[in-house]
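Beneath this line is the structure, given in C-alpha cells, with notes to follow.
We just call them A, B, C, D and E in the order they show up, numbering each chain from 1.
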C-alpha cells in the first residue's frame, strides 16, 4: 500500500526535531550523538522546516504521483519504488545535473556535494516501518497515511 | 447496644412455601425442608414467617416481642398502652429444647391503635403509625425488639438451627398459607435473637441470602423517605425498600423488582422506546434503591410471596409448583424434600421475580 | 493492437511506459538507428544522450550510460529493432519501411526521432577531427581521435549548451579549448549577459579562450586532418580537433514528402497526434505548445520529451490525456558552477519586471522575470537550491503580487506563498499540480 | 533602581557530552532560557529565566537537559521558608499582589489520602469488571421523589400473565438530565484562559467518552458549537459571550458563583489577550480587559439566584438542566441546600484545591475548605432535608486519580469535575505560570506560536485515554466491592474507612475509622 | 478380562451427606465398579475426589458440588442436578438427564459433562484444557448468561433441543412436560448474555445463531469448517447415544462456532 506523508502546518511547532532525526537516520552511524559530533562530512537532513513568524512546517519529498523529477532526470537515477510508491534516487546513477532541483515545485531536493555530487532527497526511510520524521514529530504535524 | 452497630452479613438457606388458594397447612413441611439445608446454616440463627396463623385476630396488629429483661417489657407495655388498645396479649408458646440455650422473653400482643393517637398524626396512615411504633420500640427501648408487627401473621426466630427453632416455637401446631424459613450463617455477629431472619415490619417479612454491597446507599436512600435503619441488616433494608415501593409508592412487585434488580443499561438500550423510557426513568429516580451484591431473597406479605435474585445471579434460587403450591428455595432438594414430584421446577432468571399471589387478589 | 515507436530515447521510452500502463497486451515495436553497445560483454540497448559529455570527460563510465536497464524491454514485452533506420512511411498501408525493406505494419505510430545537429556552412567540414556532438558514437569517436592523434588543442564552434558541455569535457582531458561563438556571449539562448559573464569568467579562469561575435569559416587541414580554423575576421587558430555545436533541429526526415504537416518540427495537436490519425510525434522532433509563449515551437529539452512521449503513449493506448505544454528550461553545471534557467530569461517588450541580485565576486546571480505580476522566467547561477519552486510558479501561473518582494529573499520558500496555494503543496489536500 | 537578584527557582543542567547543539530547546522555550552561539556552535542556558515547565527536558532528543530545583538554600527556618522570603522580596520590589496559577499547593491534609476503600472477601464475591457488566452511567439532573405509572393495562390481568414494569405507562415527566457514561466531567476552563486547541481537545474527548466539558465564562467559540451536545455552558458574573444561541448550544447551563481557587474573587483577562477570536467569542471589543466581577450584580441574595435560574430555564424552555457552581466554604451545606431549593438541577462544589489560570496567591492558599468535607457536609444536609434527589452534586477541586473520584462518589457526589488532571493529561506540568500566557505546552496561552503546540488530535487522545483508564480503574474498584453499578456506590459511605483521621474528621465525613466493621 | 462386578445399591434416604459419601468410598475401595444411589436428595459432594473406573447412578436430586475434583468415574443422574457439578473435575463423565444449576463445570480441566436438559449461569466458567486433558460440556437445552466466561480451553456445545416447545420466560405458569426426560426447560433463549466474556481459549459450538450483543467482546463468531464438523461429531455422537437421540436430527440445524479473538485479551490493559 502506498503511504503518503502529509504535513499539518497548523500543528508544526517549528522545533525541527524532524530535521534532527532525519539527519541521524541518514548518517553512517545512525547514532544521534555520533552523527552530530563524530561524522565528517556532517550528514544532512532530507527534510527542511520552513518558518515565518509563528507559521512553520516541515517539508520533504511528496513522492508525487506525477513526479516531475522522474521526467526530468536524464540518467534514469530517479525512479519509483514499485512496492512503496516512493520516488527514490539511485545515487550510483545520479551525476548531479540538478535537473530534478529545477523541476521540483516543493524545492525539496537538495545538492549533496560532499564527495560525489548527488541529489539528496527523502527516501521515506527505506526499511523503517514509519519514516523517522513521522515517528519523532512530537506534535504529529507530520503524519503518514495510506493514500486515499 | 453493640449489635445494633454491626451490619449483618450472612450466608444462608432460604425457603418459602405458599398455598395460593389460601388454604392453610401446618408448619411441619417448612421445618423438614429447611432442615435439609442444614449445611447452609451454622446454628447462629434460624427463623420462620407464617401468614394466616391468627384468623381469629385478623383485624388486629400482632406484635411478636422479644424482651431481654423484665424492665424492657414494662417500658414497652407502657409505650404500647399509651398508643394502643391491647386486644389480647400472651406468652408465645414454646417447647423447651436442649439445643436452645438462652432465650429472651417471648410475648405477643394483638393491638388496635387508639383513634385519638392516630389523629395526632393527621398526615400518615395507620400502617405508618404502626411502623413508627415498631421503630420507636426497637430504637428507644433497650432490650426490647419487635420481631413482627403485621396482621394475622407472625415471625418466629431465634439463635439456633432453624429446625430446632421451629420445633421450639411448636410451629407444627400452626397453620398458615405462606411459610418462609431461614437458616443463617452469619460471619460477624454473635447470633442474637432479634438479628435472626425473617425480618418483619407490618405484614412484611423478608428472608435473605447474601450480602448487599449497596447497603450504605440503600440505607441513606431510605432515610430520605423517613426510614431509619436501626439494625444494620440487609433484610431490614430490603423490607423497607419493598414497603416504600409497594406500599407507599404503590408500585407492583414486578416494578419493584425492576428497581431492586434493574436491567442493565445495555439491555435497556435494546428495549422498545416505550419500555426504555420507563426503565430509564426507574433507574434515574430509584438508582439508590438498586440492590447490589449477591442475594436471593424471599419477601412475603399478606397476599404475596416473592422470590428474587440479584441481577447477575450470584446466589442460588429454585422455584417449583405443585398444584396451587408455589415453592421457592435455595436448593431444589429442599423442595423435593417435601414435594418429591412437583409439576414443574425451574431456576428463575437473574433479577426476575417469582411471584405467588393469593387467588383472586392482585398483590 | 500494434504499436510502432520510432526512437529509443526519452520520448520513445516514456511512451512504452505509458502504453503499458493502459494496455498490457498490445504489441510494441521500437525502431532505433542506434547500435547496440557492448560493455564488458553485456549489451546496452539505450543510453542517455545528455550523458555523452560526461562520458567524454570521463566523469561516467560506459556502463553508467543506460537510461533504462536491460530488463526494461523484456518486462514491457517490447520488440526492439536496433541499428536500423526507418526510411519510409506508407500511410495508406499503415506501414513503416525499414532500411533493408522490412515493412512494419502499425495501428499506432509514434515518431520520436529526436533532433539532428545543425551543420553550418564551413569549408573543410569533411576533414578528419571534425565532429558534431549529439550521439554516443560521437563521444566515442572523439575520444578515439584524441587518443590516436594526441590532440592538445581544440576549437569548439558554438557557445551554446552542447558546445560548453563539450568544452568542459575536453578541458577535463587537458585539452586547450577555444570557443568560437557567433553571438556576443555564451549560452545566449537562455542566459543574459550577467549570467553569461559568470560562466565566461569561469571558463577563462580554467584557461579556455572565448571568441565572441565571430565564426569559423574554414577548417584547414593536412592529410585530411584538421589542423586549425580560420575565423570570419581572418584570425587563425590552430586546433587538431573541431567540434561543431551550433545547435540542433528537429529530425523530420522520415515525414518529408508525406502528408504529415511540419513546420520546423512535426506539428502535433494537444494530444500529440499529427494531422494524420494514429500517427503521433513526441520529443525533439516535434513542435508542441510552449506554455509561456502560447505558440507551438520545438522545445528540445529532456523533461518535455519525456512528458510528450508519455502523453502520446497514453493517447495511443486509448487514454485521453492532454499535453499541458511546456517551456524552455535547463539545468547545467559548467566549470563547477551550477546554473538553472527557466522560461523567459531575457525579456523584451512591455509589461515585464525584473528582480535580480548579482554577486559577481562569488559568482552568484539570481534573476526573476515577471510579467503582469506572474513569474515567467528565472536564472540562477551558483545558488540553485529550491529553484523548482519558481519553476512551479511559472508553470502554475501563480499571481505573485502578494509575495513579489519575498521572491529574491534568502528564506524564500513555500511559506512565502499564499496560504491557499501553499496548502495543496504542503498538505497535499488538493492535487491540482 | 536596580532589581535585587533573587535566587532562581530552577537550575537548567545541560550535559555537554550529550548536547548536539540542535537548538530544539532554543526554539521551543517561550521564556528564552536557552540560546545558541553560532561562533562556538554551542547552546547555553540561563536558569534565571526557567519556570520549570520541563518542555525542553521533554523534547530534547538526546536527554541532555535536566531541570532541577535550585539547591541553593536559605538558612533553614520553619517559619520563614524560601518561598516566603522570595514572596516578600518580590512584593517589596513591586508592591504588587502575588499572582499564581493552578490550585492551592499548601500542605493541608488531603482527606482522599486518609480514606480507604472496601473489598469483598468470601461473604460477597468481587465482580470482574472486564468480563461481567459494570455500569458507570450517571444521570445529572433533578429527580422526582417517586415515579408515577398508570395502573395495569387490562391485558396484564390475564391469567398467568405477570405484569412487569413494561405493562405500564409512564406518567412522571423527568426533568432534563445529562447522561454521563462515566461520572467524570471536564471542569470549567474558558477559551481565553486556555487555548482553542485545548478547548477542542476537551470537547472532542467529552464527545468520545460520552461526558461533558464546561465552557467556563469564555463564551463558545464558533468551532465548538458542533460539540454542543457535550457542552455545559457557563454563565458567570461577566456574562461574556452569553446570548440566546450560546444558551441553546449547550446541553446544560451552569451559573458560576464561585471557584475553588478564588472564592469571593472575580476574574480578569487582560486586554492584550483579547484577540480577534477571543473578542468574537466573548463578545467584547478587541483589546479591552475582560473583567468578571466578584459577584453577579443581579444576584445579591438566594432569591435572586432563583430568579436567574428560572430566567435561564425560561430562555431555554426548560429543556436543559441548570446548575450552580460554588466554592466550598464554611457554610457550604446550607448554601447548597438553598441552591437546590432555588431550583438548581445540579450543584457543583469546587474545593480549596481547585485550579485557576490566575488568582491572588493569598486567596488561593487561604480561602475555602477541602472538597472532601464539603461534599460530605452537603450530601448529609440534603439527605437530612429529604431533598438529595432534587439535584445532583458534582465535586470539583483537586481530583487527581480514579480513587479520588470513587471516594468522592462514595461520600455522596454524583460525579466529579476534573480540571487540573485534564490539563496534565494534555501536557501541563504545573509550573503555575498560566497567567503569563507563555505556556510552553500550548495550553494556557493565546500566542499562536505556542497554541499550535497542542495538537487537538493528541490532546483528545490523551484525555480519552485518561478517562478510559480511570473508568476502568473505577470499575476494578467497584468490582472489588462487589458492586456493578455506580449508583450503588454513590453516597455509600459504608464502603469507606478513615485512616489517621480525628473523630471530628470522621464525623464530618460520615465514615467509620479503618478497623471498624460494619 | 474384566471381572463382572455386582451392582451395589445404597438407599440414601435420610442419609447425611458424610454418611452417604463414606458408603460410596467404602464400596469403591472394596472393588465395587458400579453403584446405584437411590432416593438421593440434596446430598453434597457425591463423587468428590473419586478416582478409578467406577459408575455411579443417582436416582434423585444430588446436592451441590457433584463430582467436584473427580478424576475418572462416570456419574449418571436420572434427575436434575444442582449447582457446581463437575467443579474442577479432572477426568470422568457426568450424564444428567434433567437440568443443572449454576456454574456447571467450573474450572473443569478434563472429562465430560453431558446434560440432556438446560444449564444455569456461568456454565463452563474458566474451563481449561491441559496437555492431553480436554474438558467437554454438552447441554441439550439452553443456557443462561456468562456461558464459558474466562474459558481457556476445552469444548462447550449448546443444542437448544427443547427450545421450540417452551417459548416463554421463567414465570411459573404450568408447562408441558417434555417427553424423554420429564423436566421442563428453563428458558427459551438458546444462550444468555455475556457469552464467552473473557474467553481466551477453547471452542463453543452453538446449534442455531446467537446475536452479537450476547457475545462477550473477546469472542468471535464463525461458521463451522470440516475440522469443526469432525470435532463436533466425535462428541455429539457419544452424547446422542447417552440420551437415545438421533444424531442426524440433531445435526440438521446449522451451528455457529465461537472462539476467542486472542489468547491474551488484556495484553494492553496496563500502563507500565
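As a convention for this text, a residue touches a chain if its C-beta (ideal position, glycine included) is under 8 Å from a C-beta of that chain, and two chains touch if they have at least 3 such contacts.
Remember, it's a predicted structure, so these values are computed and weren't measured experimentally.
K.L.:
Report the connected components of the chain contact network with subunit D omitted.
P.N.:
Without subunit D in the graph, we get A, C | B, E.
K.L.:
If we look at subunit B and subunit E, which chains touch each of them?
P.N.:
D
K.L.:
Which chain is most remote from subunit A in terms of Cα centres?
P.N.:
Measuring from the centre of subunit A, the most distant chain centre belongs to B.
K.L.:
Would you mind telling me which chain pair, A-C or D-E, is linked by more contacting C-beta pairs?
P.N.:
The comparison resolves to A-C.
K.L.:
Return the chain whose centre of C-alpha atoms lies at maximal distance from the corresponding centre of subunit D.
P.N.:
When every chain centre is compared against subunit D, the largest gap points to C.
K.L.:
Kindly work out which chain lies most centrally, taking the average of its C-alpha atoms as its position.
P.N.:
D
K.L.:
Which integer distance in Å separates the CA centroid of subunit A from that of subunit D?
P.N.:
44
K.L.:
What is the distance, in whole Å, between the centres of subunit B and subunit C, each centre taken as the mean of its C-alpha atoms?
P.N.:
103
K.L.:
Rounded to a whole Å, what is the gap between the Cα centroids of subunit A and subunit E?
P.N.:
Result: the chain centres lie 64 Å from each other.
K.L.:
From the mean C-alpha coordinate of subunit C to that of subunit E, what's the distance rounded to whole Å?
P.N.:
85
K.L.:
Mark out which residues of subunit B touch at least two other chains, giving numbers and ranges.
P.N.:
266, 312, 355
K.L.:
Quick check on subunit C: which residues sit in contact with 2+ other chains?
P.N.:
none
K.L.:
Can you list the residues of subunit E that touch 2 or more other chains?
P.N.:
146, 171, 174
K.L.:
So which chains end up touching which?
P.N.:
Pairwise, the chains that meet the contact rule are A-C, A-D, B-D, B-E, D-E.
K.L.:
Quick check: in the complex, which residue numbers of subunit B touch subunit E?
P.N.:
These residues of subunit B touch subunit E: 36-37, 39, 266-267, 270, 312-313, 316, 318-319, 321, 326, 331-334, 336-337, 340, 343-350, 352, 354-355.
K.L.:
Sort out for me which residues of subunit A touch subunit C in the complex.
P.N.:
Subunit A reaches subunit C through residues 4, 6-9, 48, 50-52, 55-57, 59, 62, 64-66, 68, 71-72, 74-76, 92-93, 95-107, 109-111.
K.L.:
Flag every residue of subunit D that touches subunit E in the complex, lowest number first.
P.N.:
It comes out as residues 128, 130-133, 160, 162, 469, 472.
K.L.:
Inside the complex, what are the residues of subunit E that reach subunit D?
P.N.:
Residue positions touching the partner: 146, 149-150, 171, 173-174, 194, 197-198, 216, 265-266, 269, 271.
K.L.:
Enumerate the contact residues on subunit B facing subunit D in the complex.
P.N.:
6-11, 187-188, 210-211, 213-217, 219-221, 223-226, 232, 248-249, 251-252, 254-255, 257-258, 262, 264-266, 271, 274-275, 277-279, 281-288, 290-294, 311-312, 314, 355, 362
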